[in-house]
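Each structure below is given as structure tokens.
Presented sequentially are two complexes of chain A, the first with chain B as partner and the second with chain C.
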Partner chain A sequence: MLAVEHLTVAFGRRPPAVRDISFAIPEGGRLGIIGASGSGKSVTALAIMGLLPEYARVGGSVKLGGAELVGLPDHEYSKLRGDALTMVFQEPMTALDPTMRVGRQIAEAYRLHAQGSKARDEVLRVLAAVGMPDPARVADSYPHELSGGQRQRALTAMAVINRPGLVVFDEPTTALDMLVQAQVLEMIDGLLRATGASCLFISHDIAVVAQLCAHILVMQDGQAVEQGETGQLLRAPRHPYTQALVAAARKGAVRG
Partner chain B sequence: MRKLQFYLGLALVGLVVSAALVSLVWTPYDPLQVVPADRLLGPSPAHPFGTDGFGIDIASRLLVGARYCLLVGIVSVTLAALVGVPLGILAGQVGGWVSEVVMRLTDIVYALPALLLAILLAAIFGGSTLTAMAAIGVATVPAFARTARAGTLQVMAADYVLAARACGTRGVALAARHIWPNIAALAGVQASIGFAMAILAEAALGYLGLGTPRPTPTWGTMLRDSQEFLFTAPLQALWPGLAIAVAVLGFNLLGDGIRDLTDPRLREAS
Partner chain C sequence: MAAKALRRLGVFAVCLLGASLVVFLISNWLPGDVAQVMLGTDATPEALARVRAELGLDQPLWLRYFAWIGGLLTGNLGTSPLSHYPVWELLAPRVAVTLWLVVLGIGLSILIALPLGMYAALRRRHLGGFAVSGLAQIGMAVPVFWGGILLALVFAVWLRWLPANGYVPLTRDPAGWAAHLALPVLTLGLVQAAVLVRYVRSAFVEVLHEDYLRTARAIGWSEFRALLRHGVRNAAISLVTVVGLQLAAALVGAIVVEQVFTLPGIGSLLLDAVSKRDLVVVQATVMLLVLAVLAINYRVDVSYLLIDPRQRSRGAAPEGRA
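Here is the complex of A and B:
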């Protein structure tokens, strides 16, 4: 479904933020990317979405369903975004337009790809699908009137309303507190199950990724240092950085 | 303190607007009626600001002048905003060579002073309120284009624009629904400051005889007419000067007030 090969992204004259990354996600598959802050996770996600600033230089290949995306002009890319692939951003505080009612933002994503159908009904349906208790009230709210968890659910609703084949989550729960984080993860899991969408899930928390994804890719300083099946990788991490991550997660789990 | 600035600006602007509105229905005397016997009278109960070199009541002329000051401000700022804001958004949103072309064009216009443009237009069409408005409007376009571009660049990097684009929003829809609403306050600040500049420019053009022709009273032409009596009747120059200062200060304070009262992010962009 998604095949990334030798992806490299550089900004200006600095050393590449992402270097020679390759991975593949099959139809309905889930891959988790973990790595420290600044390791190039978001840049990888934005490169797949074609949302990097114009001064970024992208090399390598990103293929979605066999079609090459690197170098695609923005007007072509934007037809795919929201329809074939989409992304949920990290910061629920800043990823919703403060000047627009939540329902309108979600409806906008819907109308771009569907004609003639009733957007309002669809918005309420998808808000219910992401576990929002009072969809009508949420749809008529401005972002600042919602809690962090609600906003993250609204963002997810906006992203999945057109049933895209691939959803990229960039640390969707990092900004949320533990309890809400668990609820949102559960919602994402159910949603992916229900729609059968493939997913690229980014986090710096190996426990979160392990809970959701069958495969994991570990990034350090812009490079993929290790990737493999989740159980295998947790049981027998080979790279020192992965070993440290797994050990730290174990300690946390014992203490918590 | 910030609120004070805003309200003071609002009060001064309100004063000018009220003067203009009142002049539409009532002035103490006919602002065009020459009364040779009443030349250069000092302030008195009958003429609170005195009379000018033609014996016309200065208060009446000031009131009517407010109308022209606002007319030129509104038309030229609207013209400049209608052209400049879309250009700035386009440059900021599309980037690349489009941005280069737009910014070089605005640089060229920016380098051309309103005054030169006004002289040019006045030479071709004869000086009038219309040529003054056109010259000031065109000269103000770059300020709007630059402000809108700076705001757009900032908004384009915001998560909510990336999130909207991740769902497929692009082009005019992106500009109209996400960019414009988020830079509108910034454009409002620019409009207020542009208004102040337009008032000054209109007065300067009137003073140079390049704007609204006599006998229509504008603050600029009043200032010009007062020059003759600078030493014998200095109050003649004071009144229109004061009116210009009040209007300019009012719109500047209002602009700063809006900037400070709206989102703190805007302060960085402008």
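Here is the complex of A and C:
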């Protein structure tokens, strides 16, 4: 489904923010990326989405269903975004246009890639699918009238309305409090299961990733230091950084 | 929302009252008076006193202020002691000229500045973006007066395409009206656009960094379409203030432009009245300008409520921009 090979991203003359990263996600598979803040997780995700600023230099290869994405002109790329692959960002508070009703923004995602007049029905359907108890009310609300958790659900709805093959989540629950975070993760899990979409899930929290993903890739300073099957990696981490992460997560879990 | 609009209306009324006091005091502080102008420099003190008494100029200042305000409130702007015309009749045709100039000038400046500013924002790391910003800088440095003379030289003297002075009312001769307004409107429009481009550019640069624009691209908008769809309204929230200020500046600019192209607008009326100490006309004209500027600001405040849903809802989290 998604094959990333030797991906390298550099900004200006600074050392590359992402260096020689390779991974693959099969049809319906889920890969989690963990790493400290600044380790290059978001840059990796944006490189896959083709959303890096124009001054970023991207090397290596990103293939979606066999087609090369690196170097694709923006007008071609934008046809794929929202349809074949989409992304849900970290900051639910600012990721929606404050001047437009939520339903209209979600309908936009639909109309950009599909013909037909049933956008409203689709919006209500997908809002129900992300666990909104009152889809019609949410659709008619402005972003500032919704809670953080509701906004993140709305953004997820926007991302999956066209049933994309790949959804990239960049720390979707980091800005939410614990209880809401658990609910949103559960929703994402169910949604991916129902649609069979592949998923790249980014978090700095190994426990969150482990809950959702069968495979994990660990990043440090722009490089992939270890990757493997989740159970294996948690049981026997090989790289010292992964060992530290796992140990810290264990401690946190014991404490509560 | 109604309460907010009402409170702003109250502020508006208080401002207007304060302004009337300032206008009245300043114009009465001018040395010399209209009696002197009417009778000439060799008038006897007795004759001067008689005319002043006739015009009510011998009354105490505060009484004259209240008489004037009372007149304004009942819609009576007074009569010019020099021309014996009611001030309203002097003002009306002049207001029409200035209004056309300002409205068309601002309209033109927006038509020029909006696409150029957006272009400069999108291409801010490229030569084209720098070129637009640089050109605007140069344009800003050109005084209105100079800009007008330059355009008159090129289009009226050299190319002989357009008249450089005078005015014809729209109702009498539409083509002549357009020809006579073309250069003044172009002057005002270009000068205002040079200032506006910078604000448009920075408003859109700011919007380009917003998360919701990245979201818009993630669902399939191209960068330019995302900016049109989700950038314009959000940029407008900060630009409404600027355009409001520009409108006020354009009123002042219009007075200069009227001088360059000898348009019979309120600018020439005002300057003429000041030199003749025709305070009735001066005060009415300045109050009209003040009213216009205050009304623009009031409209600006209210249009926030229309554009920005966060400002509309009461009791919402205070996260909207100020």
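One rule holds for everything that comes next: the second predicted complex is superposed on the first by the 255 of 256 C-alpha atoms of A that agree within 3 Å, B and C clash if a C-alpha of one lies under 4 Å from a C-alpha of the other, contacts with A are read in each partner's own complex, and residues count from 1 in each chain.
Simple rule for what comes next: a contact is a pair of C-beta atoms (placed from the backbone, for glycine too) under 8 Å apart; a residue touches a chain by one contact, two chains touch by 3 or more.
The structure presented is a predicted model; accordingly, all values stated were derived computationally and were not measured.
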When chain B and chain C are modelled together on chain A, clash or fit: clash
Touching partner for A:F89 - first (chain B), second (chain C), both, neither: both
Which superposed partner A:E145 touches (first chain B, second chain C, both, neither): second
Touching partner for A:M49 - first (chain B), second (chain C), both, neither: both
First (chain B), second (chain C), both or neither touched by A:T156: neither
Chain B and chain C contact sites that coincide on chain A, given as residue numbers: 49, 51, 54, 74-75, 78-83, 86-87, 89, 91, 94-100, 108-109, 112-113, 155, 158-159
Touch list for chain B against partner chain A, complex: 95-96, 157-171, 173, 177-178, 181-182
List of chain A residues in touch with chain B within their complex: 46, 49, 51, 53-54, 74-75, 78-83, 86-91, 94-100, 105, 108-109, 112-113, 155, 158-159, 162
Contacting residues of chain A [partner chain C, same complex]: 49, 51, 54-55, 74-75, 78-83, 86-87, 89, 91, 93-100, 108-109, 112-113, 142, 144-145, 155, 158-159
Footprint of chain A on chain C - complex, ascending: 125, 210-212, 214-223, 225, 229-230, 233-234, 237, 307-310, 313, 316-317, 319-320
